[in-house]
Each structure stands twice: as C-alpha cells, then as structure tokens.
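Structures are listed in the sections that come next.
Here come two complexes built around chain A, the first alongside chain B, the second alongside chain C.
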Partner chain A sequence: MRFLVCLKQVPDSTVKVKVGAGGKAVATEGITWSMSPYDEYAVELALERKDADPTTVVSVVTVGSARGRDALRQALAMGCDDATLVNAPEDLPALDVAKALAAVAKEMKPDIVLCGKQASDDDQGLVGPAVAEFLGWPHVGMLTKAVSSGDAWELWREVEGGHEVWKAKPPVVGLVHKSDKEPRYPSLPGIMKAKKKEIPEKDLASLGVTASSPKIEVVAMELPPQRGGGKIFKLDGDAKAVAEQVANLLHTESKVL
Partner chain B sequence: MTPPTQGIWSFVLLAVTLIAAAAFGYRVWHLYRLLRLGKDESRLDHPWRRLRDELVVYLGQRKLIKRPYWIRGIGHALIFWGFLVITWGSADLLLRGIVGWQMPFTDTVWYAWMLDFFAVAVLASVAVAVLRRAVLRPARMHRMPEGYVILGLIGFLMLTLVVFESAFVASRRDELGGHFGTPPPLARLFAPLIPTPTGGALFAGAWWAHVLTILAFAVYLPRTKHLHIVTTLFNVGFRKQTPRGQLSLIKDIENQESFGAATIRDFSWKQLLDGYTCTECGRCSDNCPALATGKPLDPQKIVLDIRDQLLREGPKLLGAKLNGTKANGDAATPPSHWVETKPEELWACTTCAACVEACPVTIEHIDKIVDMRRHLTLMEGAAPPESQRAMTNIERAGNPWGEPRDARGDWAQGLEIPTIAEKPDAEYLYFVGCAASYDRRNQRVARALATILKSAGVSFAILGAAETCNGDPARRLGNEYLYQLQAQQNIETMNALRTRKVITSCPHCFNTIANEYPQLGGNYEVTHALPLVRRLIAEKRIVLSEAGAGAPGREATTDVVAYHDPCYLGRHNGIYDEPRAVLDAIPGVVRKEIAPHHRERGFCCGAGGGRMWMEEKIGQRVNHRRIEQLVMADTKATKVASGCPYCLIMLEEGVGAKGIAEQVKPVDVLELVAARLQQNTTQGSAPN
Partner chain C sequence: MRLEPSETERELALAVRAWAEGLGGRIARGEREGTLPLDVVRELGTLGVLGMTIPERDGGLGLSTVAFALVLEELAAAWPSLAVGVSVNSGIVAGSIVRDGTDQQRAKWLPRLVDGSGLGAFALTEPSAGSDAASLKAIAMRDGDGWRLNGRKQFITSARYAPFFIVFARVSPPEPARPHAGVTAFIVPAETMGLTIGETESKMGLRASDTSGIMLEDAWVGPGAVLGDVGKGFALALAGLDGGRIGIAAQSIGIARAALERAIAYGRARSQFGRSILEFEGIRLAIAQARAEIDAARLLAHRASRLRDLGEPFTREASMAKLYASEMTQRVTYSALQLFGGYGYMSEYDIERYARDARATPLYEGTSEIQRMVIARSLVTAA
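Moving on, here comes the complex of A and B:
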C-alpha cells in the first residue's frame, strides 16, 4: 500500500500575522513556517496505517519554494519514507499546484493521495478536489480515518453529529479533516535520519506542467479592527437576580437579545 | 578477656571465619560485577565535599535525623554508631580468638563504657523498631520478614555480648576476689546474678553464639536490603556533587544513536548502586506529592524496580558476556525494557525533589525518572500528547503557550523598560521567562519587579523578543534535544551581551540558567529576584512603608501571608530564608508557615517537571491538596505568597476550585513588595 501526502508549508499558527508592505500580502520577514495543520493530520493518518502494516510506504510532496523542504523534513522525521520537492514560484495559482501534484501522483502511482482539507493560510480548499479532478479519481472529503478492507478502503468522514463510512477502491483522493491521534512528535533518531535524507527536486517543466491557470489577485489586505475593551458590571443578589440582570444587560447593553 | 578458643577451637574459628568471609566476598564480587553492567560515569569531582559528606551524612547520620523522623532517626543513628563501636569489638574478638592479637583501645575503660552504652542503646532502639513494625505499622513500610530477622540478629548480638561479658566476670570471681577491677559496667551489674561454676560454660556458649552470629550476619547482609550498611558508605561518597537541579547533559547529542534509559544497561553504575543502597524505608514515598494524590508514581518503586531487574537479569547478561563477545552476548539476551516501571508512573513526577531530600542514603530519584523519560520522548516520541503540543510550541514560538514570538516583550510596553539592545550597558539582564511574558497574571509580577528595580535605581534591561524559553519544561519532559537547542540560542544571545549578571523572577529560569547553562558554556552570575530584593532592602535602596506610595489613597493594611516554598527555589537551590526575610521586612505583613509542609518539606504545586503542560486526570490534583494543607495549617492567612509563576498559576486555580478565592489571594512576594514601595517611580505596577 502506498500513500502520497501533499503538503503545504504555511506561516506557523503561533505567528502574529502582520500585513506586509504594499498591503496585499502577509509580511513573511523572519516568521516561523511549518506544515499546515490539516496536512499534519493527513501525515498522521497515513502513518497510523504504516504503524498497522509496516510494508506501507508513505511519500510526501510539496509544490513551492526551497523553504518547503523544512515541512518535508518534518514529515520525514515523523516517519514518512520519502519526500519530493516540486520547485515552483510562491504565487503559483492553486490549479497549477494541483496539476503539478497530479503529475507527481501519476509518476508515483500511490493507492491513496491525501491532502489536508484546506491550507491554514489561504483556506481555499481548492487543491485537493482539483488533484482528484486532474487524476480522474474519486475523492472523499472530511476524512478522519482510513481502514483497509479487502481490496477496498473504508473511508470515515465526519458529518454533523456523527460520521459516514464510505467504501472506495484505490486509487482515491482523500481530504483529511483530522486524524485519530494528534500528529506524532518525531523521535530524535527520526529527526536525525530526516536531516540526512536526500530530497529530490522536480520542476514544473519536467512534470509537463505549464503555469497557465487563472490567478487570484489580492486587492487589499488588512487586519481586523482592534476589539474594544469589555465592560465590567458588578452585580449583586442571588443567582436568580443576577441572571435577570444579565439578561437585561444582554438586551440593553450588547443588544444580542 | 581470654577467648574460649584454646587448641583446636582457634582453628575451628579460623575455618568458620574464612567460610563466612568467602561467602561475603563472593556475593560482593558478584554485586560489583552486576554494577559494572551499568554505564561509566565519573563521580570523583569535589573530593573535599565528598569527604565532608562521609563525615556528616554517613558518620553523622545527618539525613536520617530530620523532621518528621526525629525519633526513628535517632534510633537508627544509635544502632549505626553502636554498630561501628561494636564492630571494632567484634574484630577484636575474632583476632584474639584466632591469633591472639587485639584491636587497639579494646582494653581501655572508656571503650568498655562505650561498648556497654551502645549495647543498651542498640537494644532499646531494636525494641522500638520491632514495636513500630509490629504495632504501629506505618503505611509506608514494607513489613518484610527480613526486617525482623535483622532486628533479631542485632538484638541477639547485644544480648550475647552482655551475657558473655557478665559470665566472664562471674567465672573469674574467685581470682578477682570481691573487687572486679575495671570490668565493663554491665558485667559489674549482671555478674552477681551468675553463679561462679556456671560462669565458664555460659561465657563460652555466649561468646561462640555471639561470634557465630556476627559471621552469620556477614553472610546474610549482602543478600538483603541491609546491604545498605556497606553500600551507603560508597553511595554517599559518590553522590552527585553538581547542583541538585542540574540534570545530566547528553553530549554530542546529534551524533548519538540511543538516548535515555530503557534497560538496566542504560543506567550508570551509580544509579544501579542507588538500587543496592535503598533501605526500603519509604521516606521518599512518604513525601511524594504524586503518590500522596493517588498517582501511580512511587519513587521507592522506581529505585527498587531497577535493583530487582538488575538482580534478576544481570546474571544472564554477565553469562552472555562471558560466553561470547560483548556485542554478540548482548544481542543474544537483550535486557528487557524497564518492564516494571510504567510510563504513567514516570509522567506523574513533578521533579519536586521531595524524595531526593527525604532519602537518608542520597539516592537520586529524579535523574532516573528523567533518563527513562528521555527514552520515551527522544526514542519513541511517546511523551503525553498535551506535552507534545507544549514542546512544538517551544520549538516554533519559543514558549510553551504557543503565543507569538514577537509579542514576548509586549508586557513591558509603556513601562519604560529598555531592551538590552537599547541599553547595552545595563548592569543586569532581567530574564523574564515565558510565564511572566505571556501569562496575564504573571505579567503583573514582572511589572512589580520592574517597579522595584526602578525604585532601587538598579540598572537593568530585558531581551524582549530576543529571549526564548530557557528549555526547562522540554528538558524535564525528557526532550534533551529541544532543551539544548533552546539553551544554545539563549546562551548565544547572552554571551554577546556586556553584562554577565542575570535576574530571574522564575525559579525554573533561575535553576536552568544558573545550574544547567554552564554545561553548555553559558556562565552567568544569576540571582533570583527575591535574594536580590532582600539585598536591596538591607542596603536601604528601597524603602517600604505600610501604605506604600504607589496607589494614592491606599490605606495601611495588614496582610497575613502564608509562604509557599517553590521547589526550584527551596529544595533544588536551598533558597528558603531570603523570601522569608523579604516578607518579614515588609511593613504590615505578618508571615505564616504552612506547617508542617514548609521549607524542605514544602509540598509541590504540581506544575514542575513539565507537569504544567500535562493533564492531571488521575487522583486528586496536587495543587488542590496544597490548598487543603494551607487550610489545615489554620494560618488565618489572607494571602498565600510564592516566588514562582507556576506556583502562582496553580495556587490561583486551587483557591478557585476549593472555593476560597475570596478569603485567600495567591500573590508573588514581589507584588507585596511593590505595593508598599515608598518611592514608587512608575505607575506601571498594579499589585493587588
């Protein structure tokens, strides 16, 4: 069984986002980058299968600048087998990214391609379904678990109030919402091995991809307005009296009731 | 005294002695070889301190005689000192019996008196010990039959000693006439009860019984926990002389293949010696906050698990070593994973050092626990998931909360606190730490300290966003790699500064920078804020008054303040008096103790050792127990003060959960000082 997990490197969730000069993009000077959280879940989900069946091979791929190697190394440190970097400009349109990923998938012939359901930076959620479309494979969204059952896969997806179990024959594309366990913390030998591992590079031309898709232009970017300070009311009385006053305040002060 | 070993009997005694010595020696040699299965470690630094420890801790029994174990401690010390005095006499008996030589001083009156004094003292202590085991039955004691055997042997030795001394005097009554000369005092007392004719036989019988018991003791001892009589000498001599709060460094970590301890071969010989030395007294367990609140951790079990596994699997490993090359032998019979100790035991430890403090024979529990955690975290990636989040946050954001790296210095905004980049010639660097940088409650402590320092005219600056987590949580969670990355980053930053003087308001920052950074080339003059503030008060650089000047209209009030000892100030670094001295110097503050859990018996808040970053699902929460102790101590305190951000967070949560948040307010001592400053130079501090 072979997994191909598509990753994106994004500004880490601990970074305090600032708008860069020009007002059209996030300032990236000196910030910490990491693997997008849903992609981390995708890696974990694949590795859980590898834990269950050690013959499973988990490959990872990213499309973007050389900086993306760090995200790939993190995935290798977690236990993935190999990694591929597709060199491409940072502002490559999402559809072209999907084309490149589909091209890699065609070469590698995995049974399952996993993507995070969306990247935490632009939250478009476009690449995963587009990869399925370019490959002509079915895709299942909101995945939380993948269990092999005979020649097919049981794919668990989260839905309102519960989950559905779909069955799909490989090859298939899965868009991961969460994994059973939290993404694993790499062991130190894992980190060291990942450091030494070679990461082959490909470029768009060698994959037969030409950047031709429509591009989204960001017109302006600004931080949400600062939240005003809250008001503190001192309320007296028993629970009932306080509740009445709170209800009143919610009506008169905040106007939510 | 002429020994009853005339003629052939001296040869019999010689033979029996040789057999006993061989049995003793063989066992000791075997134990030594097992010990050598452990990793090498040098314990020869600070020879004078080691000598001092032998005198104070081994001979002086210092770690036995302490609260709340006064009576038991003195009982043990009497048996031990008696053992030393009587062993001298035993050697004399054997020498005289076999070759007719004698040990020096054994004929003197004062030795006779000493011998008899200890014979009585030991007998009394043995009686108390038996009574305790049989009647009082303290919960922490494993009432093994072994204990009774040993007590019986010791008691029997003393009785036979008195009997043969008395019988000897009685048998010579005629020669000596009515005047006994200078026989031992007990013999003088008991000899009249023994008729002269039976004296000789009784003497010979009791003498032989005594001597054979000594030899039996020597054979039995190294096969029981009473081996500690011998090993404590070495265990104390080879105890850690580096600071208690310093964990061992994994050198050249990027080029190692295995980390931490998973099998007995991964522990050092000294850690294995700890196992031989454990007396199973249970004082460590008695003081463990994890065990007390129903966690699966029992520090004594950690030590005994290692010992038992060594005794169980060690011989096989030695056999394998003999049969093949070392490597092959190991592969053939690999030592098992520390099967007896479960990960959930290891993760329950707060590294509070109550066990280390309590141990009379200087066993080092924390180092073993952290070594095993290192294996779990570094080799298996198996730290508890919540703690993994904290480690990832440290890695990516430089703080376990996962707050933005850039925002680290934000707490100081508007307070005119310079960064060291702005004020490179500052005398002190204030290393703020993650808690005081990001946690809103603890930011108030940082502001209080800044106010105090400004009021005293102390020149200081902070690193701002250039500071990063000191690495303590990572290190104690077993993530030595992340710790070293963090430490190296800070050391690089700090080594580039003009000043070497560092202030911390967090005992964990203090311990790590003062005690652990030197391992990686970071040598600074580090002080925790409270000793510094104490000095500022003593030098009258800050003046305190009951009302303070910071808040206009503030009325003079009296605060009854209970002091909570942070583990990393107190037990780990011996800072007990300074915080108390600061409290005592604040006008309008009445200090109280949370007795008996104060000073070296202070009870952990539950957040150390990375526990701050883990869920606490088993048993009672440690901080809730601490609040119960506070209530039990009946101090009438309106505030409970500490000097640690973790303690503050845990105490805040504790008083809330216990419903006494209105009656007792947790504070940092620094906040109490800042509130009563006379010349308050900034309005930044908002102490309560």
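Moving on, here comes the complex of A and C:
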C-alpha cells in the first residue's frame, strides 16, 4: 500500500499576522513556517496505517519554493519514507499546484492520495478536489480515519453529529480533517534519519505542467479594525438589584435591548 | 572549540520543546500527586530522548553531550522533576554502563534505560555518607559465585521507577591511605529479593520526582552484576557524577530560562501606576541581569559538554558549570518571582514551583561546597 500525502508549508499558527509593505499580502520576513495543520493530520493518518502494516510506503510532496523542504523534513522525521519537492513560484495558482501534484501522483502511482482539507494560510480548500479531478479519481472529504477492508478502504468522514463510512477502491483521493488522533511529534531518531535522506527536486516543465490557470489577485489586505475596550461597571446589591442594573445598562450603554 | 550548538543540536532541542509544550495539565497533576506519570516516560522513550546519549552500536543515537544538555534544558524549562529523572537515567546510569559495562551488561541493561518502561537509578548516597562518598558503609560479601549486599541507601532519585540500580558497596574495609578502597559498583535489578524501597521523601520541590531510600538485606546478585572492576567503584562513581553535573547545570539553566520567560510575559500584561511594569528601570535591570547570567551558565555548560565530547578532561569544567548554573538559578527564579509581586507567592502561577524546584540544584550531585573543593583541588594540585 502506498500513500502520497500532499503538503503545504504555511506561516506557523503562532505567528502574529502583519500586512506586508505592498498592502496585498501577509508580511513574511523573519516569520516561522510550518506544515499546514490539516496536512499534519493527513501525515498522521497515513503513518497510522504504516504502524499497522510496516510494508506501507508513505511519500510526501510539496509544490513551492525551496523553503518547503522544512515541511518535507518534518514529515520524514515523523516517519514518512520519501519526499519530493516540486520547485515552483510561491504564487502559482491553486489549479496549477493541483496539476503538478496530479502529475507527481501519476508517476508514483499511490493507492491513496491524501491532502489536508484546506491550508491554514489562504483556506481555499481548492487543491485537494482539483487533484482528484485532474487524476480522474474519486475523492472523499472530511476524512478522519481510513481502514483497510479487503481490496477496498473504509473511509470515515465527519458529518454533523457522527460519522459516515464510505467504501472506495484505490486509487482514491482523501481530504483530511482534524481528528482525535493528534499528529505525532518528530522523534529524535526520526530527525537524524530525515537529515540523511535526499529530497529530489522536480520542476513544472519536467512534469509536463504549464502554469496556465487563472490567477487570483488580492486587491487589498488590511487588519480588522481594533475593537474598542470594554467597560467595567461595579454593581452592588442582591441578585435582583444587580439584574435590574444589568438590564438597564444593556439598554442605555450597549443598546442591545 | 565551538561553544555554539550546531543546527542539528538545536533542531533536536526544538523537537523536545515542541513535545514538552504539549505536557499541559499533566505537570500540575504530577506535582500535586507526587508522581511522574509513566506514560510521559514512555513518550520520552518513543521520542528517542532516553537513548540519545547511548552510542549507536549499543542501540542508541550516539548524540553529543551538547545536544543532551540542550534537551535537558528544554525538559527542565517545562518540568524540572522530569528533567532530573532523565539526567540520572540517560546521563549517569547509562553513561556508567556504556563506559564500564561488558558487552553482555550493555546488551542487557541499556535497552531498559531506553524503552521508557522506567528510569534507572544511581544508589551512592547513604544516611551517613553524602558528599563524603568514600565513607560509605554498604557491604558486599562473596557468596557462591555472586555477591550478597547489605546496607542502606538514601535520597535515590527515581527509586520507585527504576528497573535496576547501580549500587555502590564495599567488598573490603577502607585502608588508611585509601579511604575508598574496596568500593565496587553493582547492577542490582529492582526485583532482587532482599531489596526494598523505603518511603518516598516529601520534598520542598521537584515533588513529582521520586526520592526514596532503599534497603539491601542479604540481596544476592550474580557474578555478572559487578560493573567495572572489583574495588574500582569509587572512580566509576566520580566519572558518573562528572557527566551528571553537566545534566544538573542544564536543568538549572532550563529552570531559570522558564522563570524569566514567565516573568517577562507576566510583566507585559501587568500595569501599575499607569504603565507597564516592564517600563520600570528596576525591573529592566533585573531581567537584563538574569538573562546575562543564564547565557553565561549555558556557555559554561556547553564548554564542559564539548570537552566531554572531544574526550578531553572535563571534571573541573563540569563542576564550574554546575556550581555557577545552580547558584544562578536561585537568583534568577527569586528575582522572577519578585517581579510577580504577591502573585508570585501563589501556586496559581508556576513561578513559585520553579523557585522551589531550583533550590535542589546546589544540593544534589555534589553541593556547591563540593564543587568548589573539586575546582580548587584541580587548581592547587596543577601547580
């Protein structure tokens, strides 16, 4: 069984977001980058299958600049077997990213392609379904679990109030949601092993991809307006008296009543 | 000599920091209940921390002492009680077996220190022999092809979690010119008949770390139990402590760093007299001093670590690092606590825990007075 997990490196969730000088993008100088959180869940889901069956191979791939190697190394340190970097401009349109990932999948012939359901930077959720479309494979979204069942896979997806279990024969694309199984930490032996692994590079041309998809242009980006500070009122009296004063304030101060 | 850690050494430490940041409520619970949860120790095994100092040929990672010091700093910054257990397990106990163990002993015992099923213990101190380890009283008598051990050991870190102990006992009485003659190291499995673990000590700090006595009453061990040479145990103990002192220096640094980070974070949110308390010069001087002392201690610890990695003598440098770092962490944790004002005295904030935990560091693995003796002896006899 072979998994191909598609990763994206994004600004770390602890980064305090600032708008860059051009007013069209987040300032990225000196910030910490990390693997997009849903992609981490995707890696974990694949590695769990590898824990259960050590013959399973888990490959990872990212499309973007050389900086993405860090996310790939993290995946290798978590226990993935191999990693591929597809060199491409940072602002490559999502559909072209999907084309490149689909081309890698065609070469690698995995049984299952996994993507995080969306990246935590632009939250478009576009690449995963587009990869399935370009490959002509079925896709299942909001995955939280994958269980091998004969020649098919039981794919658990989260729905309101419970789970749906779908069955799919490989090859299939799964879009992974957050689940109870937190992604594992890279182990120290994992980090040392990952350092010794080569990360081969590909480029769009060698994959037969031409960047031709429509591009989205961000017109302007600004931080939400600062919210005014709250007011603290000191209220005295028993519960009834305090309730009366609160009701009064909701009417006169915040004007919600 | 390069004192700055390499990129790999930093990366390993950051991986441990990421893990330690996820400990969350387990720390407060462990401290309240006075236990190190075994699942935490198991996770450290999975993470590869427990075997990081063991050579690759023995199934470890063969990483540098600098990397280990950085990792201990991270563990201590999160949970000092955990850091001391790991320092003893992977520093002193594993180090002694790697250095002096036979092939069979290494193959048998090192995996037990790595798998996270427990934490190894080093049983040197006795009720009447603390820093004066040469006066120890535990006795080992020949019995059949093995040895019969009798005596009492005190203040043994992780006694309750140990799969085995390295126990120091005499095979012959002290000689006038050689007070530590006859001292021998034995590997004693926890399940040995005649070995009992006493009550857990109630301590000022490091409450989740187990500190207990052990009693040896006709505890029989086989011929394979002697670690190193018969009668050469004292040198083995000293060599173990040299490495251990780097570990305690690293623990002290982690505690101080965490205290300072918390103090600054608290200061950011705290206003008095209409401005942030971080704008007051008195506070700024204190945090500047603290940071300079933390960095100085770290450089001392890394120098001792590098010397050890290079196979050079490092006894004096380890003592200097341990002395300075352990005394530094008293000053830094107390000035960090002071910055919190009255809140610093409340258990709601972690800062009082760090201040209590820090107090152990100038006491164990050689008091500050002993470190000064070691340093002075090396200077006086060098001439």
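Note that in this section the second predicted complex is superposed on the first by the 232 of 257 C-alpha atoms of A that agree within 3 Å, B and C clash if a C-alpha of one lies under 4 Å from a C-alpha of the other, contacts with A are read in each partner's own complex, and residues count from 1 in each chain.
The working rule: contacts are C-beta pairs under 8 Å (C-beta built on N, C-alpha and C of every residue); 3 or more make two chains touch, one makes a residue touch a chain.
Small disclaimer: the values here were computed from a predicted structure and weren't measured.
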Taking chain A as the common reference, can chain B and chain C both be placed on it without clashing, or not? Answer clash or fit.
clash
Regarding the shared-chain residue A:S187, is it in contact with chain B (first), chain C (second), both, or neither?
both
Look at A:T32 in the shared chain and tell me whether it touches chain B only, chain C only, both, or neither; answer first, second, both or neither.
first
Between chain B and chain C, more extensive residue contact with chain A:
B
Is A:V15 touching anything from chain B or chain C once the two structures are fitted on A? First, second, both or neither.
first
Which holds for A:P224: it touches chain B only (first), chain C only (second), both, or neither?
neither
Touch check for A:G161: first (chain B), second (chain C), both, or neither?
neither
In the superposed model, where does chain B crash into chain C, at 189-197, 423-431 or 657-665?
423-431
Chain B and chain C footprints on chain A meet at residues 185-192
Within their complex, state which residues of chain C touch chain A.
8, 11-12, 15-16, 18-19, 22, 46-49, 52, 61, 63
Which chain A residues qualify as touching chain C in the complex?
77, 185-192, 195
Residues on chain B engaged by chain A in the complex (per definition of touch):
253-254, 257-259, 377-381, 383, 385, 388-389, 391-393, 396-397, 402-407, 481
Which residues, counting only chain A, touch chain B once they are in their complex?
12-16, 32, 34, 181-182, 184-192
